[in-house]
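Scrolling down, you'll hit the structures one after another.
You will see subunit A twice below: alongside subunit B first, and alongside subunit C after that.
Then we have the complex of A and B:
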């Protein structure tokens, strides 16, 4: 009997752990939704901030974040997917592929602030790009590259080898097999990884802090060499600078818009993955 | 395909090999990025090696880089702050993460699991700046007001405050990685243990966890790496005062915050600027080592269960 009691006790403890995790999520999201929802209005989403962030809206910060995500996608996705194809389809066991894997694993662990230092030292100063949208976007693309590669690799490797063999047996070349058989089936997995990476890029603050984001700017960025506003930085700056004392509504509003955007992207990614996991059961 | 001009075998092979060349060239990029990280940290730190007393950097207990008379660049207070937040957050996140993993993998009803797993992923997706914001505006106030004055933390914003939210970032990493490890333990092991009359708890504790240990070690290392390198939560929650303290309830300033806060105010190519890069180098070295251990543990895990 004592063994059963022990089991019940420990399982209760584990349930408690899971409950704590669920509660943490609920409290944080609930707090921001409840306190932020009152600020959200059409004006808040479509106007420039006025009077030291006490009136108007966060339009330029939303646009800045969207610009960033678009550029990150254009840079990181082709490179990431190609690298994943290379690792999993071509040179799986070569020494170079091994180095590549080690490099990707290590890149995934590099702190975001260190990416910021790379962006500052290399892109902003050494390449002379200055504080700019493109410097921030490339820095964030570096940051999400390992995520894109890992997700794509897993998706590609989940395609059964019988499919490749059947295609090759019909006389196709390797690339034809990849292009027409492997990639279409791994697309949902790759897409999931891409969406998650972009949501990560949207929320990152430290790298753009060092490479080009500004708190106030009266116009939208004119080209990729221009500085820009972005939601995560705006939230950080308003929350920590005492100069802006009456910006609480703005802070919660920005936090809510950012949170909703990121959580929606996460949910879409999860739904795509679950749907196709059921559809393709090998 | 019939309407397209058929490629001859020769052309197809040429096409194929040029794709291979393109893929190989693109793949070098990931390695280049890692090399660039190391190279640019090093290049920008080298001037610090000569312009700033290195003994003072590694052992100095005062961080006062803006002092006009004698700037002091002792990184010990920053390192101690980083170690405290990492240690406290690991203390919170590892047991909770492991408990939640076991709950999800072994105890939870499939319906609950179906809701709980996406919930953990959503938690992982919350931007760190939002967690930092919550720590700054809600949790710090709660800690300050919930206790009688005698029991209050030493400072309104303190290291513990940051550690709690680092733990919230670490738990999803712990859960998703160690769940993979637990799930990859062969069913037969579990069944054998149950067949011998062990309870489910005994099976978890004496069979599943030992079998999944290398994977769990990797999960722990990677989440600790995340805590060491996380910036926004500690910038916003820990109070940012670079004093040497061993009290988790007083404010401090971890390495990452120092870089984030001071890099914006420093002029390029000054000793202070170079020292901040050297701090980045230290950070990079720490996370590199943690990653190495995680990688090694993970390899042992996959070797064990193919």
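Then we have the complex of A and C:
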């Protein structure tokens, strides 16, 4: 009897913890949705902010975030994927590769403000890029690279070596084997990792705060050397203003749009993963 | 019978593990040579030396001479890719690509292109036309006795085939590159007796055009298909002669113990 009560107690404890997590998520998301949904309208999504963020919309912040994500992707994906290919296919045992692995693992734990400072010191000031979209994009690319590399490596290493041998035994080169087999078969995994890391980058504030984002700007960024607006920073700036009550609708609206964007990206990642898990089950 | 593979003083180490010791063997053309011996004696290691698959193992060291059609394949000037084109391999577990049946076969020929002149050894190549490629795929599948079973579903995934069909697909895939030698590493160990019988028939048929080397754990299989049989034990080639002789009057005590099942 006692044993069963104990058993029951633990079950309730575990379930309680799980409930706390679910509840927290529900409250946060529910709160944002409930308070933000009223603000969302076509105007809100397509207009520039007016009268100190009490009217108009967040169009330039959405566009800025999208520009930023596109650039981050263009920079981080090729570098990340090729590094992963190098580590796992070419130079697995070399000292350099080992060192790289350690570096990648440690970089993943570096706080984002440190990346921001690096971007500011190196890109904005030392390289003289100034406060710009490109400085922010490169900074964020640094931030997501470890994630992209780790996800790509895992996906690449999940491709069975019997398939590499099959291809090589037909007299094809290592690169042909990578290009026609290893990369295509690991692409879904890589893609999933890329999207998840981008969704992480989409919400980052500290790195862009120090390298290129601005609160107001009357036009969209003209080129990669221009400053830009972005949703997470706009949220941060408005929420920390002394008159923050006045822009509350705006804040919740921005938060909701950002949330929806991140959730959508995660959803796409999940769909890709499930679809291809079926196709490539070794 | 002319020689196809000539091996002299072959030694292989995996780190400190001396996996093959002073192997000397001459494998004849257009015959089936079976490699038998207890697990871990170096059978796979031996055949993987013939197409330089062991190059992929970083801690593996190979010394000695392996000549295929008179050419030393470990020579510094030799292109390992050309070696592997000339020497096909079929593995223990069927390993088709997760692509369509057609793509499985067409993949390598499309990359290699069509040899204009065989004697030039791939120096003069042109692209296969669509028609030529599908002809080649059909020919390879027919040769591997699989065409009838797959001709209506060439675009379907190779993973939809049964294990035995997959293994014949892998054979067809190797044939499509038009090698001179085909190495089989326990090609039937994952198959049922009927699929095995089909592959054995195929092997016998293949030796007309190819030199066949097959590793097998199945003594009856060696006896059924092989012209010559080599017995390996602890990394050494103990005995190599006509299959009949190996099974009826082995020259070595170890061989006899092994084939009569008195050894692990």
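Rule of thumb we're sticking to: the second predicted complex is superposed on the first by the 278 of 282 C-alpha atoms of A that agree within 3 Å, B and C clash if a C-alpha of one lies under 4 Å from a C-alpha of the other, contacts with A are read in each partner's own complex, and residues count from 1 in each chain.
Note that contacts are C-beta pairs under 8 Å (C-beta built on N, C-alpha and C of every residue); 3 or more make two chains touch, one makes a residue touch a chain.
Everything numeric in this text was worked out from a predicted model, so none of it was measured.
In the overlay built on the shared chain, the residue A:30 is in contact with neither subunit B nor subunit C. Contacts of A:181 after superposition: subunit C is touched, whereas subunit B is not reached.
In the superposed model, A:38 lies in contact with neither subunit B nor subunit C. By the touch criterion defined above, A:173 reaches both subunit B and subunit C.
In the superposition on chain A, A:162 contacts subunit C only, with no contact to subunit B.
One of subunit B and subunit C touches more residues of subunit A, and that partner is B. Of the two partner chains, subunit B is the only one that A:255 touches; subunit C does not reach it.
Comparing the two interfaces of subunit A, the one with subunit B and the one with subunit C have residues 173, 176 in common. On the subunit A side of its complex with subunit C, the touching residues are 92-93, 160, 162-173, 176, 180-181, 185, 279-280. Across the complex, subunit B meets subunit A through its residues 12-13, 15-16, 19-20, 22-24, 26-27, 29-31, 33-34, 36-37, 40-41, 43-44, 95-100, 102-104, 107-108, 116, 118-123, 125-134, 136-138, 168, 171, 175, 199-202, 205, 222, 225, 228-232, 235-236, 256, 259-260, 263-264, 268, 276-277, 280, 283-284, 287-288, 290-291, 294-295. Remark: subunit C residues 51, 53, 56, 58, 81-86, 88-89, 91, 93, 95-98, 107-108, 111-112, 170, 173-174, 177 touch subunit A in the complex.
Note for the complex: subunit A touches subunit B at residues 3-4, 6-7, 10-11, 13-18, 20-22, 24-25, 28-29, 31-32, 78-79, 82-83, 85-87, 90-91, 96, 99-100, 102-118, 120-122, 125-126, 142, 145-146, 149, 173-176, 196, 199-200, 202-206, 209-210, 232-233, 235-236, 239-240, 251, 255, 258-259, 262-263, 265-267, 270.
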